[in-house]
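What follows is a pair of complexes built around subunit A, which joins subunit B in one and subunit C in the other.
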Partner chain A sequence: MSKKKGLNIIGFVLILLISVVAILPFYTMLIMGTYYTNDLFTGMKFIPGNYLGENIKTLFSIDILAFYKNSIIVAGGSAILTVIVCAMAGFAFAKYKFLFKKTLFSSVMVTMMIPMQLGLVAFVIEMQAVGWRNSLLPLIIPPAASAFGVFWMTQFASSAIPDEVMESARIDGCNEFTLFVKIALPFMRAACMTLALLAFLWSWNNLLTPLVVISNESLYTIPLGIRQLSTTFRNDTAAQVLGLSLTTLPILLLFSAFSKSLISGLSAAAVKG
Partner chain B sequence: MNKNLNFRKVVSLTAAIAMTVTMLAGCGSNNEQAAQSSGQAQTTTSTAAESTAAESTSQTGALKGEITQWVWGDYEKKGAVDFTKTYPDIKVNYVMVPQNDYVKKLQTTAASNGDMPDVANLEMTARGSLANLDIWEKLDAAPYNLNKDDLVPFAIPISQNKKGDIVCVQIDNCVGGYAYNRELAKKYFGTDDPAELEKVLTNWDVFVQKGKEISEKSGGKNFLFAGSDDAYYALIGLYTKEPWVQDKKLNLDTTVLPTMKYIEQMIKDKALGKYVMWTPAWNSSFASNTVVFYAAPTWFVPFVMKANDKDANGKYGLITPPNGGYSWGGTAYGIPKESKNKELAWTYIKWFTMSREGSEGFFRTQGTPTLYSKVYDTDLYTNDANKDPYFGGQNIMQKYMEIAKNPNTQTRPMTEYDAGIYDSIVVVLRAMDTGLSADQALPKLKADIIKKFPELQQ
Partner chain C sequence: MVKNLTYKTGQSSKGISSNKINLGTKIAPYIFISPYFLIWIAFTIFPILFTFYISLTEWNGFDKKIFVGLQNYVHLIKDERFYSALGNTLLFMVMIIPVQIFLGMVIAAMLSNKNMIGKNTFRLFNFLPYLTTPVALGLIFGILFDYQFGNINAVLSGLGLIKENINWLGEPWPSRIMISLITIWRYYGYTSILFLAGITNISPELYEAGDIDGANPVQKFFKITVPLLKPVFIFVVLTTMIGCFQIFEEPFMMFTSQGQPLVGGPENASLTGVWLMYDTAFGTVMNFGYGSTIAYGLFVFIGFLTVIANHIMKRGED
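What follows is the complex of A and B.
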């Protein structure tokens, strides 16, 4: 009994240590936002400083609330659309037989290997041609066609949705769209939640696309807007850290709310391969 | 059932093709198309420029409309506050673009034939490569006809592309002196008077010798300069008359090597601190009272020194460098060919950079002189009202004007390779910090540059 208790204590201490290691960077990030930038580099800070008010003032000297709103619209919209498009494409690739299926799937996979930067100019020309420049649409709609998302959903759908269930539904008179919505999607729920979170995260942190397609400050997202605190002559690190700390909150909240789905989605995909 | 199955196949195939095409659309290369559209745009633009010029003649005194400038701070907005009084019908829209990403955005927009601003900023570091892109209006040609005599002579090389066309005009006069910590100067030189110090520090060999003395007397706690970057900038004035690349050949033996040799000596003498320029640690060096000299161009005083060492009235002084002076940094304004409001853009640039009113406004709001030569013989910058308590009441603008008028103050002609070469210099400086000699560093520097620009010869 006492041996078991001893092991428990060791386990507890180990978990505590790992937790400290994981939480410390986040804690110091919060603390850094309360100091004057120059003071940040005079040693590690563990106690809150007295410069929070000034940093908040600096942060609000840019239109942070508008940037926040834009980021939520973009990341939220992108996450929803990505899930819809990728779930449909993944379902099609996983469960239907059609001409050139393998070739098409391979070409989707190939796009994952090409860095976004290579096609940047073409992408901007395309957005210009369809009249989407200087709007949030290029940040919401094109990312919905995510190669990773399609791959992810295809892998998940191929093993998570039993063919027998689909056949039964068809025999019962279910059309293909209803089949997808009412039968397939519930099976793919965990993968959808995971993809939604990942898509939200990609979009939330994206700097390059907003930089090149938006030239209207009122449409800036957080990563782009917050860089205004860095100029040729000075980098207000503390204010930037404070801004980034505040902007990680939605991600933390989302993760807390959907952590079960995320973890189950990830582990299910890992097992199913 | 069979019909249903066929329908499913068609729908699936269509959906999958649509998905694939959408994904590939953003990834494919489309340079030819871009070049074609760019060509078309240029043709349209020259026609627009001609008609703009014609309208200009007929509309003199009745300028009206809106222009857009991409900026990275409130520098222009504050500086041009009087512009709207003179030209109430011209509205300037300032779009904030992060400075670190400015070049990327400008290049991508130009390449994709997107909406360019009417006025774009060309910061000194990237100006060589930007100015040599064929996207700018020639300002010394019609309809602009910029008069070179309106600018101080050393402003011309930093406004031209490699063909010699003036494609931008720098707003700020960035000549530099050496700012010094008065208390430390008194301690190590026996005086904090600028004139007396200039008498002592007559050449660079003396400077290096004094650096060694400072290090020895302070037990390694005080430094001549904050670091090798600072020393590099302090010395560029000596060797800036020739470009870094001439006829596709690197020209570093005479332009960079002598500077590196001085830096090597100062590192050996422990006369340089360990601060890497522009890092927050370097920012904090100003208040640390350990560094005697900083290379200080005009903009350095309000944006770096006063920003990082706020309550320091009387702490600093300013002297002329041994060789006469240098120009470091600066932001120039250019008009993209794609601008739809070229006449208004030129009116704005001309007012800002080449008018008494613009110079007054810019100096009043930003504390920096312009390069407009016609006011240099007036007391706009040098009158006693400009004595600066931060510098113990010294009239530092008088000093900067002395440097600006000094015929030895020259600027290095720009090349499109400058930004890449500068990055390589910084890498090599870091290696020198750890003991690499100048003679060892030069081949490494050249090799690093050739790797980036294989078309160049050593």
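What follows is the complex of A and C.
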């Protein structure tokens, strides 16, 4: 028994150390945003500096609020769309028999293994051709076809929705669309929530796509806007770091609030991976 | 067609409803999957195919395309930077995958322990790095790994582990190690959640049986947990491999956002495939044609590696 306790203590200390390493860069980020840039490179900082006000001023000298607004539109829009598109497809793959189902599902699996960036050049030209260049649409609509999302919704739906409930709803005269909205979706709520959070996160943090499709400054998302600080203000690193802290905080709050459902949602899908 | 007819002409209410079911269940799945596949064809498949066409041309995106056949590919197989990018990707895989999987599994094993205090808090803490904007990672770690004033060098020399400061951002191997460390830091928490999910699904009876046989926790981990995690393990290895191909934002931010931009890092040691493609197609000289060729070169390389990895892991299953 005492040997077991000993192992528990070792485990606890180990995980505590790892957690400290996980958090430290975060903490440094928050602290660095309160210093004058030149002071950042003069050794370790663990207590907040007194330059926060100035850095905030610098941040507001670029249109940070507009960047925020764009990021919220893009991330929110793509999260909602991703959940709708993937939940529908996942439901179909999990609960219906249809021709070419296996082939189509394999195409989803293969897509999951292909880095999307490989079609980037043509994607940019395509956006130009359809007139979506310098609009937020390329950041909202294309990501909705998330192969990971479909794969995961399929896994989740196949075990979460009881067939008997679907059958009895059909006997009651429910059509397939009502069945999906009224019966299936409530059972898939945990998965939808988790996918919405992840899609929001991916979109919020995405740098590469906005970098290549958006050149109009009024449409910049936060990562793009923050990057611009290094040229406009001759490497005002501290202001950049503060901007990044402000970028990360909303995500942090969002995920802390939903961490339980996120992790249980992830669990359900990963197991059968 | 016949069913359609009966549906329309059927009189008895029972007949209508049963035919409705049949018809609905036949068509509904296609309607449900169509949004996904329409977007997928328009924005994933079409760009990938069109990229192949562009790879056969010389084009800067503005002037007329000039069809050059396989000329770009001939250039590609002699391009040293392309091989550096592939080599770096392989090195990153070797450095990242084992460590990330080991850390992920160990943490998952500890967090699955019923007696662990503060489980939820630790779980969240370890998930934090996954949430950070990659742009931030490049910037923050750029400062932490600074040659003269960085905290990392300060801590290492404070502990007496190094005699001279390491020039993380200025020398090939240190820069590779640095990028690997950052990538591991970012993803191990995510990996551990996947493993945790797998562990939670293992029947407790197996562990009870282990207890009866007098197995200690370490033995139980290696004899029960590890073998049963195989499916999760395969999933994690494959997705981490793909993740290694996609490394871009962190080195890109570290080497181009401060001072003199240095594409690829010191001696191209941190050049990755996606970065090379981005720099070729959208860098100072816009070369869409050759950028697309690089994308296809990577495509073939990734496909090849994935098939091999899948084969090796599946064979181990028998």
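Heads up, the rule we're going with is that the second predicted complex is superposed on the first by the 242 of 273 C-alpha atoms of A that agree within 3 Å, B and C clash if a C-alpha of one lies under 4 Å from a C-alpha of the other, contacts with A are read in each partner's own complex, and residues count from 1 in each chain.
Going forward, a contact is a pair of C-beta atoms (placed from the backbone, for glycine too) under 8 Å apart; a residue touches a chain by one contact, two chains touch by 3 or more.
As the structure is a prediction and not an experimental result, all values here were calculated from the model.
When the two complexes are overlaid on subunit A, subunit B and subunit C occupy overlapping space and clash.
Of the two partner chains placed around the shared chain by superposition, subunit C is the only one that A:Leu14 touches, whereas subunit B remains out of contact. In the superposition on chain A, contact of A:Ile251 is made with subunit C only, not with subunit B.
When the shared chain is aligned, subunit B and subunit C each come close enough to touch A:Thr111. Once chain A of one complex is fitted onto chain A of the other, the partner contacts of A:Gly53 are absent, as it touches neither subunit B nor subunit C. After overlaying the two complexes on the shared chain, residue contacts for A:Glu126 are found with subunit B and with subunit C alike. When the two complexes are overlaid on their common chain A, residue A:Thr37 makes contact with subunit B while staying clear of subunit C. A count of residues in subunit A touched by subunit B and by subunit C gives the higher number to C.
By the touch criterion defined above, A:Asn134 reaches subunit B but does not reach subunit C. In the overlay built on the shared chain, the residue A:Ile23 is in contact with subunit C alone; subunit B does not reach it.
Contacts of A:Met88 after superposition: both subunit B and subunit C are touched.
Working note: subunit C versus subunit B after chain A overlay, options 135-143, 243-251 or 279-287, clashing stretch identified as 279-287. The residues of subunit A shared by its contacts with subunit B and with subunit C are 40-42, 85, 88-89, 92-93, 96, 98, 101, 104, 111, 114, 116, 118-126, 142, 145, 147, 150, 176, 207, 211-212, 227, 230, 235, 237. Touching subunit A in their complex are the following residues of subunit C: 17, 20-21, 24-33, 35-37, 39-40, 42-44, 46-51, 53-54, 61, 103, 106-107, 110-111, 113, 115-117, 120, 122-129, 131-137, 139-141, 143-144, 146, 148-149, 151, 154, 185, 189, 193-194, 196-198, 200-201, 216-218, 231-232, 234-235, 238-239, 242, 245-246, 248-249, 253, 257-259, 274, 277-278, 281-282, 288, 291-292, 295-296, 298-299, 302, 306. Those residues of subunit A that touch subunit C in the shared complex are 3-4, 7-8, 11-12, 14-16, 18-19, 21-23, 25-26, 28-29, 32, 40-44, 84-86, 88-89, 91-93, 96, 98, 101, 104, 111-126, 141-142, 144-145, 147, 150, 170-171, 173, 175-177, 180, 201, 204-205, 207-208, 211-212, 222-223, 226-227, 230, 235, 237, 240-241, 244-245, 247-248, 251-252, 255-256, 259-260, 263, 266-273. Across the complex, subunit A is touched by residues 8-9, 11-13, 15-17, 19-20, 22-31, 33-34, 37, 68, 70, 72-73, 95-101, 104-105, 108-109, 111-115, 117, 123, 278-281, 283-284, 287, 299, 303-304, 307-308, 329, 331 of subunit B. Contacts from subunit A toward subunit B in the complex involve residues 37-42, 62, 85, 88-89, 92-93, 96-101, 104-105, 107-108, 111, 114, 116, 118-126, 128, 133-134, 142, 145, 147, 150, 176, 207, 211-212, 215-217, 220, 224, 227-228, 230-235, 237.
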